[in-house]
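Naming follows writing order (A, B and C), and every chain is counted from residue 1.
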Amino acid sequence: MTTASGGKASAGNFFEDFALGQEIRHATPRSLTAGDAALYIGLTGSRFPLPCSVVAARAAGYSDSPLDDLLVFHTVFGKTVADISLNAVANLGYAEGRFLAPAHAGDTLSASSTVIGLRETSNSKAGVVWVRTTGRNQRGEAVLEYVRWVMVRKRDEASAAPPAVIPDLTPVVASDSLVPPAGFDARGYDRTASGSDHLWDDYAPGERIDHGEGATIEEAEHMLATRLYQNNAKPHFDLHAAQATRFGRRLVYGGHVISLARALSFNGLANAFAIGAINAGTHANPVFAGDTIYAWSEVMERIELPGHAGLGALRLRTVALKDRPAAEFTHRDAEGKHDAAVVLDLDYTVFMPRR
Amino acid sequence: MTTASGGKASAGNFFEDFALGQEIRHATPRSLTAGDAALYIGLTGSRFPLPCSVVAARAAGYSDSPLDDLLVFHTVFGKTVADISLNAVANLGYAEGRFLAPAHAGDTLSASSTVIGLRETSNSKAGVVWVRTTGRNQRGEAVLEYVRWVMVRKRDEASAAPPAVIPDLTPVVASDSLVPPAGFDARGYDRTASGSDHLWDDYAPGERIDHGEGATIEEAEHMLATRLYQNNAKPHFDLHAAQATRFGRRLVYGGHVISLARALSFNGLANAFAIGAINAGTHANPVFAGDTIYAWSEVMERIELPGHAGLGALRLRTVALKDRPAAEFTHRDAEGKHDAAVVLDLDYTVFMPRR
Amino acid sequence: MTTASGGKASAGNFFEDFALGQEIRHATPRSLTAGDAALYIGLTGSRFPLPCSVVAARAAGYSDSPLDDLLVFHTVFGKTVADISLNAVANLGYAEGRFLAPAHAGDTLSASSTVIGLRETSNSKAGVVWVRTTGRNQRGEAVLEYVRWVMVRKRDEASAAPPAVIPDLTPVVASDSLVPPAGFDARGYDRTASGSDHLWDDYAPGERIDHGEGATIEEAEHMLATRLYQNNAKPHFDLHAAQATRFGRRLVYGGHVISLARALSFNGLANAFAIGAINAGTHANPVFAGDTIYAWSEVMERIELPGHAGLGALRLRTVALKDRPAAEFTHRDAEGKHDAAVVLDLDYTVFMPRR
């Protein structure tokens, strides 16, 4: 006679499983390689020069081509899913995201998270969990950290609520907390490589840029991307189960939409060679295969970086839309609610050479 | 005037073309790289730590991250298709599969096969061909061997049948024929990397594990995978021709289903870090794009490995289902026939650290 | 108050933006890696031995596996799109394409083009632009050059036409302009690696070869390929915009069809280990996802290469068809018009070992 054992396979953590201050080391560490970098380009079409060209990267002071910042972000994020958000009802937000050091092909990234906030929902069915996640390379150096919060189902609705603790989060990463890539040398930055002469000085707060092109998403593409990041969140992969949900189909990982928006933003922000911070972000509406993503950006702030010759930062809002070209800069309605076409509203900070 | 020449292009071998004892060296040798490893992760989402992390692999005694065992298997298998199974009616089985040495990025694999059995079918339209295939690296070391048998069409139904020779195959690879990865050091095996504390000692024969997650297959995914392995079997790629078949559409390569089942099995078998043997396997029903694959495993045997400190082996049955979650461990009906939801019934042996 | 700025994002060049003799350095330089090579195999299934096996490549005198010639071609071509053909109405032709040196994983390719011809169309809505494009590696060595011409929309139909200049192009790259791979050593070329004994001497002008297999294209596949090459031509990616066009759907990049035809041609031309020249090429009909590509080739000329022991060249016509097996060698009708099933008519020259 055989026995069924649910104990070996994990069903993920529920709200009750999290404790304030708890630290979680996530499986599986991941050596990123030139293979991941190539597939990332195939999936996004990104054309920012430094991750594409070792020649351009070295000329700008890097030891080697950096991996795309968002490939690093998704890899670190993906590791957290099995522990943090397998039973998520909703991804609610990001804050205090900072890129702390470039990663290169051959680096092995691992991720750990600390629970910094907990609050049960009023209906007692779920709770919001805030975690601060850090991605580290094989030398233990932090390459990325960010806070995210997510609503997680309770295992048992009757279980007692923990004391509510809502972390105090900075709305925008302060300019003196930004960490420009070590060794960046603006003198060697090659504008022929990006094809654009527009530098930091040329962007004005309030300026809006329609990135023009559109990118239609296929099921195979978003699943390949999300699997590459070893993100195993079920809604992206399981059509059979999805058919019983309110959407009736698979959801595209929000991070893939971030990557597409960033790749599209090359047309208008070609010299925004690296991301410094993710200040805030909302996946305003779901994205499905067949949707065509467009993007526009607004310059929110032009940030001086004292002590970093030739380098500035721009705080940007990049908005991704589905099936709506960006020429009209669709965003929120009169009540402040995101338009139904808005799928991403991302507040982040990029580095750009200055004159 | 021009002349058509069918002679340059091969239509593959027919049953009459095989002779007992015949040895076939297959084209095209293949240098596997970090690119193949990345794409394999993108296609399967596999999270077993050693192929993912050079840090975890070295700590466990490997010189470098091993390539996923199934990437090696599919690469070797893929080379045999043009010679062995281009005119196959059905893939009938596997036996005596053994992984003999890890392969690493940079290794060049080539494959050769020996015909070890032949038997014409009773209707004289086809015959079963048994081959023993060996995959070797650039140093000539065997990395993999296995037997498979396949029913192949005859070119001419009137041609004479060869004497029937059915090889005597071992139903299960014997424990003393298993070849644990040379240099494996259980002391350095990092359970934080796998995220699971369940080791060899914790698994009991008869225990069943529902691997929980589901993976829907897209046409682009299975074709990418199968092309990556340079497997050119027509039913996977040619919709135009498939429309005239009884299925009316492309068939998913059974090996892709094996890979998905193995990747899903991480949830419950996270420390089964390498495959030692493929004892037997059946692709019980066809898989098509749009199908969602689930998997469950049963522990069939817990195998001691004398002389290999800290290491044990588990003989497993992993069953993959389509569009049927694995919680009920669907398998065979009362007459022993596979349920229509069963697409794979794989009997194999994995290595796992012990306490 | 915010202001919209179209100035940062490029809408691409229009016919009026080109001037005879103008030289354009294209963004983004690209370091190709083993990752790109793996993805190229996954997307095309190509089995020519030298890009697949470092062992076979070194035995044949290469320092390392060469990148597939067409991966190099598409990468260079892709860079030109943002500057040359973002506003193209039609891609009209190729000429004088020559592969000048092998590229290897790790090489960084960049592209530049010179405008060598201009002619406004009779209806004043567009004009034909001829460019000669050169791809160079990180040492500045030319690896590829070719001419292409494309019909580009005018920004303003009323603008004055430039003097018409139509370049004088060679219909076929002369045999003494072909550049066989430096160091190629026919004595080390391994026919077991290709699986074919057919060498240069065995092919006769006028001979036709049906390459047999078919390859169905998925949206995700052609977009992955085209994004890998960082080709951002809109018709391949934007379903939302495509729905308003006469086709109502996305167009497959013609280069992906060239790659599929070349990969299919392995069955019949397995020892055509490298491409020497692209003499001419026409994308005769559009290709869409769901189409199944077949291919046949005709040997047009057998070319001696004095001074290159053991090496010859074949001038080939390879014709790709959609949803029509190649056994009937479908090509042109009685008036010389391409059959509706013909999607590619490529005149090119390959290198092949001789006896």
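In the analysis below, a contact is a pair of C-beta atoms (placed from the backbone, for glycine too) under 8 Å apart; a residue touches a chain by one contact, two chains touch by 3 or more.
What you are looking at is a predicted structure, and each value in this text was computed from that prediction instead of being measured.
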* Shortest walk length in steps over touching chains, subunit B through to subunit C -> 1
* Same or different contact residues where subunit C meets its copy subunit A, judged by the half mark -> different
* Structure fact -> Expressed in whole Å, how far the mean CA point of subunit A lies from that of subunit C is 35
* Could you list which residues of subunit B touch at least two other chains? => 33-36, 38-39, 105, 218-221, 224
* Going by the contact rule at the top, pick out the subunit B residues touching subunit A in the complex. => 33-39, 41-45, 47-49, 52-56, 65, 105, 192-196, 198, 202-204, 206-216, 218-221, 224, 267-270, 290, 292, 298, 323, 325, 329
* Touching residues (chain side subunit A, partner subunit B) in the complex -> 1-6, 8-11, 25-31, 33-36, 38-39, 82-83, 105-106, 108, 110, 138, 218-221, 223-228, 230, 232, 234, 237-241, 250
